[in-house]
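Take this structure first; my questions come after.
The letters A, B, C, D and E name the chains in turn, as written, and every chain counts its residues from 1.
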Amino acid sequence: MLNIFQSLEISHYIYLSCVLFCIGLFGVLFRRNAIILLMCIELMLNAVNLLFAAFSEYMGDKDANGQMFVFFIMVVAAAEAAVGLAILVMVYRNTRKTDVSFLDSLKD
Amino acid sequence: MEIIILPLILSLLAAFTGSKINKTVWGLLSFVSLFAMVYMKQHYGIHNDGVWHNTYDVPWFSNGIHFTLGIDGLTGLMILLTNLLVPIIILSIQTNNQKSLIPLILFMQAALNGVFMAKDGLMFYIFWELALIPIYFICLLYSSKDAFKTTIKFFIYTFIGSLAMLASLIYLYLKTENHSFAYDELLSVQLNYSESIWVGAGFLFAFAVKIPIFPFHSWQANTYTNAPAQGSMLLSGIMLKMGLYGLLRWFMPMAGESIAFFQPIVILLAVIGIIYGAVIAIKQNDLKRLIAFSSLSHVGLIAAGFMTLSAVGIQGGVLQMFVHGINVVALFYIVEIIETHAGSRELSKLGGLAKFNRLFAALYLIVVLGTAAVPLTNGFPGELLLLKSVFDYNTITGVFAGLTIILCAVYMLRMYQFSMLGEGKASLKEIGLMKMIPLLILVALVIFIGVCPQLIIDQISPSIQKIMLEISNSKGVLS
Amino acid sequence: MNSIGLILGLPLAGFLINGIFGKNLPKSIVGWLGTFTVLASFVIALGVFNDLRHAAIPSEGLHFKLFTFLNIENFNVDFSFTLDRLSVMMTLIITGIGSLIHLYSIAYMHEDEGFYKFFAYLNFFIFNMLMLVLGANFLMLFFGWEGVGLCSYLLIGFWYKNAEYGKAARKAFIMNRIGDLGLLMGLFLIFHQYQSLDYSIVLPKMADGSTSQAMLTAISMCLFVGAMGKSAQIPLYTWLPDAMAGPTPVSALIHAATMVTAGVYLVVRCEALFYLSPITNNVILWVGLATSLMAALIGLKQNDIKKVLAYSTVSQLGLMFVALGCGAYTAAMFHLATHAFFKALLFLGSGSVIHAMHHEQDIRQMGGLKSKMPITYITFLIGTLAITGFPFLSGFFSKDEILLAAFDHNKIVYVLSVISATITGLYMFRMFFVTFHGTYRNHHHSFDKVHESPWQMSLPLMILAVLSVLGGLLNLPSYLGHNVSMKLSHWLAPILPMAESHAEMSHNTEFMLVGLVVLLFVLVVLYTRNKYVSKNAVPEEDALTPSTGKVLANKFYVDELYDMVFVKPLELLSSLVDNMIDSKLIGGLIAGVSTLLLAISGLNKKIQNGNIEYYLTFMVLALALFLGFNLFF
Amino acid sequence: MIGILIVFIGAVLVLFLGLNKPEGGMKTLSSLVLFLAGVLSLLESLSILNFERLSNWAPKNMIDFSKGDLMFVSLLAFVTAAIIAIFPTVEEKGSDRLGLMMLSLTGAFMMIGADHLVMLFLGIEVLSIPLYVLAGSDKHNLRSNEAAIKYFLMGAFSTAIFLLGCAFIYGGSGSLSLSEISLRMSIVGHLSEFPALIKVGVILMSTGLLFKVSAFPFHFWAPDVYEGSPNKVTTFMAVVVKIAGFVAFANYLQAFEALASWYSKWLIILAVCTIIFGNIAAISQKTVKRTLAYSSIAHAGYLLLFLITPMKANMWILFAYSVAYALSTVVLFYFNDKYSTKKEYGFGMFSGLLKNNQSATILMVISLFSIAGIPVTVGFTAKYYLFTSAFEVSPLAVGIALLGSAISIMYYFKAFKPMFESAESNTNEAHASKILFVVYLMVAASIVFGMFPYLFERCF
Amino acid sequence: MGNISNLPIPFLVLSFITILCALYVVTSKNPVHSVLALILTFFSISAHYVLLNAQFLAIVNLMVYAGAIMVLFLFVLMLLNLSKDSEPVKSNLWGVAAAISAGLLLVIITASFQKTGIAIMQGNAPEIGLVKNLGRVLMTEYLVPFELSGILFIAAMVGAVLLGKRDGATVQEIMDLNNDANNA
């Protein structure tokens, strides 16, 4: 199969991932809807996944570690999403809101 | 070890039996440790040769940190003071509704004995802190007012001081060859000048707060005033001595070359403290506050004497430590009696008490005179030696320090006059003879030491010489 | 050896027995015990005196070491005593007059509830005073020095229920302490210079000229400050008149005959030192002179019988210091002795009067007492004559010797001294005449009740009167013949090696000067007699005194001045330091730290505002910060 | 490994057995299971028992419990057992909360034993995900809800950052196994030769872990979440998450020992900031729980100091500190839970305690002393060891830490004011109730360990 | 970093799409649009996986993320009736702050690499990304995490159930309950 890194440097993937990651991060900071926040976090995770995959490919030589890691990240992301959505639903049931900026009763 | 364990056991016993057993019994029982001390001296065959003999030594925190107790002349005098005063302090308890007072005092006794006997840096620190705890609770539980505010200030203040000391100790510890806290090992550490200043400053801060030396005294007056009499006695009678003892035993030999750097500073501060305390004491209305500031004045002199690094100053200081313990405890005892029997300890509400109990008046007077350092009372020899040492160190400071004998007379006599003489506003209810006995013992000591101070000097002299040798050995300050 | 122990020990024993058991003993035993212990000391001292007369080396005395008081490195002080010619003289005066006053007190204090306490204190005072004069080193001297101050405090405040008395006692003690500080500093200097405090070591070294002048001056000034305090010289004299608050025997013993002369003793003891410090000598001279004049002037307007005597004492002490300043040490000692006789006599006499008048001390309330109290009257007269220098009484000789010395030293000093002596006559006779002559003026206390005192009081009066008359024999001037004269000078000569070089002046000059003094004396007597007996004038009420007199009556406002300059500022300072510096500044700093911490702590509320967006942003920024730092470092 | 197995099996058992029973019924069982796990781990770590055969089924490259790790495992098991035993259970049916807590504990074990970044990541998640739920397990309490969502969002966010770090490290070192990374790093040698990927990766990964241990400036979740969560969960969070986090942190940093001089610089700054911030912020807190939360932040600061010392030889110090921290924190949270009421959750809840319940007072006093580091409690011992070892690296930081512990007195001792006041008016009924034996045991342990500190070094 | 025109076209195109979609996720006002954009993003990332020879991941990504997780999101959005843009608009200031923070992080991370460079060796591509190979690794080397991720799922499942379980309390009751606590 073709190796993409024959015509590409690894740094391109690093930059791409970082950009994606920071977009997600920006979203987390910028948005207030908890669901969108969760989605942005998923986006961040995906950026990481992409990076892992790229590294894994770049290492070559039967290194499956990166891809395995991506696999586990996906596993965890699924579990996290489930729990996160459960929490969201619970909060929504109690407050009818998913806007995180309204949840500030706990403070100093 | 015995005199640490014994009070501890007694303390636990007292805690569990509660107030079922009369305080007198506990007072008498705590005298036991005095005998234990004598026994210990016999048992370990300790000679008065100035060496700090080990009496107990087991590994504790690690191989380098031992549980080491030692005894020499200086330590002996200090534990004598402790074990002599604690029973008296217990006997001075007037009411029965202060349940945990006796266990705490006994616990304190154990800790104090530990402080004075600890031959291992960390142990010293631990006992130092342990001694703080009971007194903290005594003050917190039984203070007359503002208990929390006063005690927290006191506690944090002294705690910061001790932490500074801990930092210095750790520094020294890490510098020792085989990581040990043993006193001799710590002594043998060679520090360069700036190191020794930092290390010395750490020690000094801890002791300066505890003593207290002038700008670090602000915990003192309120704590003394608000604390129950027993607390004040413990604080001023014995705990102050911890600071002075530390100054002599730990700070001065360990400070290295920097002692020359600290010497003028401490002496200056101490002398300022002498006058400062005395001046404030002049107008005080509350007897305990008055004694607090007088104490500030007196211990300042002791600290100054120590820092002159002369044999006269140090021995005089040690003597005066013992003496001040006796005097100040006696004074607080008297205040306690006045307060319980006359109902107030404010000078403006007192007066004319002399006519009610001649014996009390006489004993009070002797204690006042002892504090004012009249010859043939115990205050005199120490003060003489201290003033001489300060005078020899620097004439001007000597003269200023000497003002204490005038100012002390001013406020002590004022205190006596306004409480005892004149036409009375207050009356003194019958004082039982039992209550006079501790006072009698103290007064006997006031006279006895006043006449034969050399007996005590002989006890401490070899140890002091050894300490001075240690100071001079590592630092070349003394010729 | 043991005689010193006994001399000291007997009064101490008396003190202890009376002090501890006195409350339960009958008054007679207490009183007689106190008296006999002192008397016994006197007798022993007499024996020692006799021994010393025949001693092989006249400057040597007996030594007695009890134990080591302190011994640290080279600082070595023994509890040791010495009894040489000087101290035996002092001892005799102290114990002699002391025993008389004890005897007197038995009757005088008979009614008092603190009878046993009084005797205990008196005995204790004798003990301390003896320690002062017998001590073999400066520290022992200091012991006694402070000890007598203490006893003085106790006895002035003897009637403790009176707050004013307590105040006076405190004042005395504190003023003494100021002097004591000077003395203590002197001690330190001495030790610093000579590495010892023993007379036997220090004094010869002082004399041998090896000490620098500055050091000698410093030491002697320090010691003189001590002497000022004890001997009530300017500026530390104000306590002595106030000290009259104590019972009269106390005034007689302590504040006239013995304790106040301790300063003179000190200077004489350190004769070598003072002799070699001319600056100090001058200071002593002028201080003494000023004190003498000032006290005499104040004495002119005092109406309290004891106050008059008190100022007279201050004045006489001033004269003694004049003598010391002139280098006439023997003259000072001579006057010390005669003064002890007649001043004790006068005080006891006044005590007798006061006793008769039931504690009335104002001379304006007296008058015409001579008929009711013949013995007191006669003895008082003798005392008055003695102090004012009636020819051939003791005061005449001793005072003349001082005046001669002054004349020899400096003519201005002489003139001023003579004025002082003359004023002495004025106020003494004023008091004497107002008290004993004229008419009885007291309306509260009937004249019939005035009575002569019991024999325990009269006997000491008579003995002292005899001594006042004969005291001059101690040191008759040389013009009266070599066999009888200058006994005291010879006696003290071995102790005072330096001052021997006293220039002899011609007898003619002496006679002339003596004549002048006698003339002045006669004038004074005539004037006062005219004013107070013939015209029967009574001193005015204080409020009515004219301006100059008012200044005198108010003692030059010195007390007020001191109050304003020292006491008030000190109290103000105390409050200021307590309220401002201690609570506000230092306490405030500490409180400030915790307030600051709390304030900083409160800032956390701004960040920890419960809003997750803020948290996340802060976290990201912090992360960026770390990464950024990583970039550059 | 045995710990994970037992606790997991126990969790499943508890979940199934307690399906329709009240939670209280399963309390004993879960405590016993945890206790058993603790004992077995302890025995294994002391080389008395050996479970080699049991764990042979799995390859060793992922998870490997050293003797020291097992000590931590047993400590956490004991602590969790104690937490479950002493805190009251909810009245609902179903034992899901207990089960979740035990599952979370297995995550902690995984973190402790992790020798691989995947394992570390999984451990963190297994630890966290049940906790997100538990934080919100008081479903009808809005504060609990808020705590859950805050914890979850921030936790997930920090996980993402952590993962980015992992990716960089993977890219930089070419491996995910910590021992492998360590090996490669030691070959590279000089600091400047390390690729930037690794440094950035270490920072990002550390951020994730610093978040878990609530170090400044990643502490923001802690006070809010601690306050909102049910007391039992808060205690678990404060103790187990922190200890596991630090052990994992220590293990993972050891792999980068070659970078020690570089990262310890950062850690010192962080530690100092955390100590200062935690202590100062705690002063002005009104509620006990928040105070304890900030105190736990401060403790994270002290523990950060541990990370700059030579860790491998000093793991026993971390253990000692963990013991000290765990014992006193659990006891204090216990009393907070016991005496807080709906109306009073500030320090006022202790008012008149001395009068009403002396033994509780003594227990609290000792625990407060221990957490404040006053001799002769284990708190002092641990602090002493920690500070001494850190002193060699950075005396200044230790000085600030000492100052911080002095400041901490200001808030720890705040409790004494109401405790020793005689309160006639507001008597708290809860004061009268008995205190469980376990609490006595823990307080006694903190004294015993304080008196015989040599135990730690010898047994570890 | 080479010249951008030298880069392979698929990479450029895919990256462009990815970033564009990601930006839309973040900025879209309507949550449903966000979800859809996110799914698109995932698709493009899957394409990247294919480029990177991670075929298995590409499939799993589509299945798990786009298939399962995103559907879950959508489902929840619908369930909670949040499809409208109910979110109040944040102030621009906040957006700027967030952008600055995120941008700063990005700049710094990339700058870190610029400064010191990236040093990893380059290898050639095997067929590791196929299920067969990955499965072997998963069942040997990664057995333990694989097993233990079961714990994760149990926990997540139990947790979701615990939170999702309905009980009797009405919203009003809950409000009252919490108001009490807040007022106290």
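Basically, a residue touches a chain if its C-beta (ideal position, glycine included) is under 8 Å from a C-beta of that chain, and two chains touch if they have at least 3 such contacts.
Treat the numbers as computed from the prediction; the structure is a model and nothing was measured.
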For chain A and chain C, the touch-path distance in steps comes out at 1
Least hop count linking chain B to chain E through chains in contact: 2
Most central chain, Cα average position: B
Based on C-beta pairs in contact, work out which chain pair has the most and send it over. A-E
Mind checking the centre-to-centre distance between chain C and chain D? Centres are C-alpha means, answer in whole Å. 78
Centre-to-centre distance between chain B and chain A (centres being mean Cα positions), rounded to whole Å: 66
Expressed in whole Å, how far the mean CA point of chain A lies from that of chain D is 27
Can you work out the whole-Å distance between the CA centroids of chain B and chain D? 42
Using the touch rule from the top of the page, what residues of chain E touch 2 or more other chains? 94, 97-98, 101-102, 105, 109, 112-113, 115, 118, 120, 141-142, 145, 149, 152, 155-156, 159-160, 163, 174
Multi-partner residues of chain A (each touching 2 or more other chains): 10, 14, 21, 24-25, 28-29, 32, 38, 55, 58-59, 63, 68, 72, 76, 79-80, 83, 86-88, 90, 94, 100, 103-108
Multi-chain contact residues (two or more partners), chain D: 118, 122, 125, 129, 132-133, 136, 139-140, 142-143, 148-150, 153, 157, 171, 174, 199-200, 223-224, 281, 407, 410
A full list of chain pairs that touch reads A-C, A-D, A-E, B-C, B-D, C-D, C-E, D-E
Can you check the complex and tell me which residues of chain C touch chain B? 23, 67-73, 75, 139, 142-143, 146-147, 150, 153, 157, 160-163, 166-167, 170, 173-174, 177-178, 180-181, 184-185, 188, 191-192, 570-571, 573-575, 577-578, 581-582, 586-587, 589-590
Enumerate the contact residues on chain D facing chain A in the complex. 117-118, 121-122, 125, 129, 132-133, 136, 139-140, 142-143, 145-150, 152-153, 156-157, 159-160, 163-164, 166-168, 170-171, 174-176, 223-225, 227-228, 281, 285, 290
Flag every residue of chain E that touches chain A in the complex, lowest number first. 1-2, 6-8, 11, 15, 18-19, 22-23, 25-26, 31, 34-35, 38, 41-42, 45, 48-49, 51-54, 56-57, 60-61, 64-65, 68-69, 72-73, 76-77, 79-80, 82, 86-88, 90, 94-95, 97-99, 101-103, 105-106, 109-110, 113, 118, 120, 122-129, 133-134, 137-138, 141-142, 145, 149, 152-153, 155-157, 159-160, 163-164, 171, 174, 182
In the complex of these two chains, what residues of chain E are touching chain C? 94, 97-98, 101-102, 104-105, 108-109, 111-112, 115
Seen from chain B, its contact residues with chain C in the complex are 153, 157, 215, 217-218, 221, 276, 279-284, 311-312, 315-316, 351-352, 354-355, 358, 369, 374-376, 380-381, 384-385, 387-388, 391-392, 398-399, 402-403, 405-406, 409-410, 413-414, 417, 420-423, 452-454, 457, 461
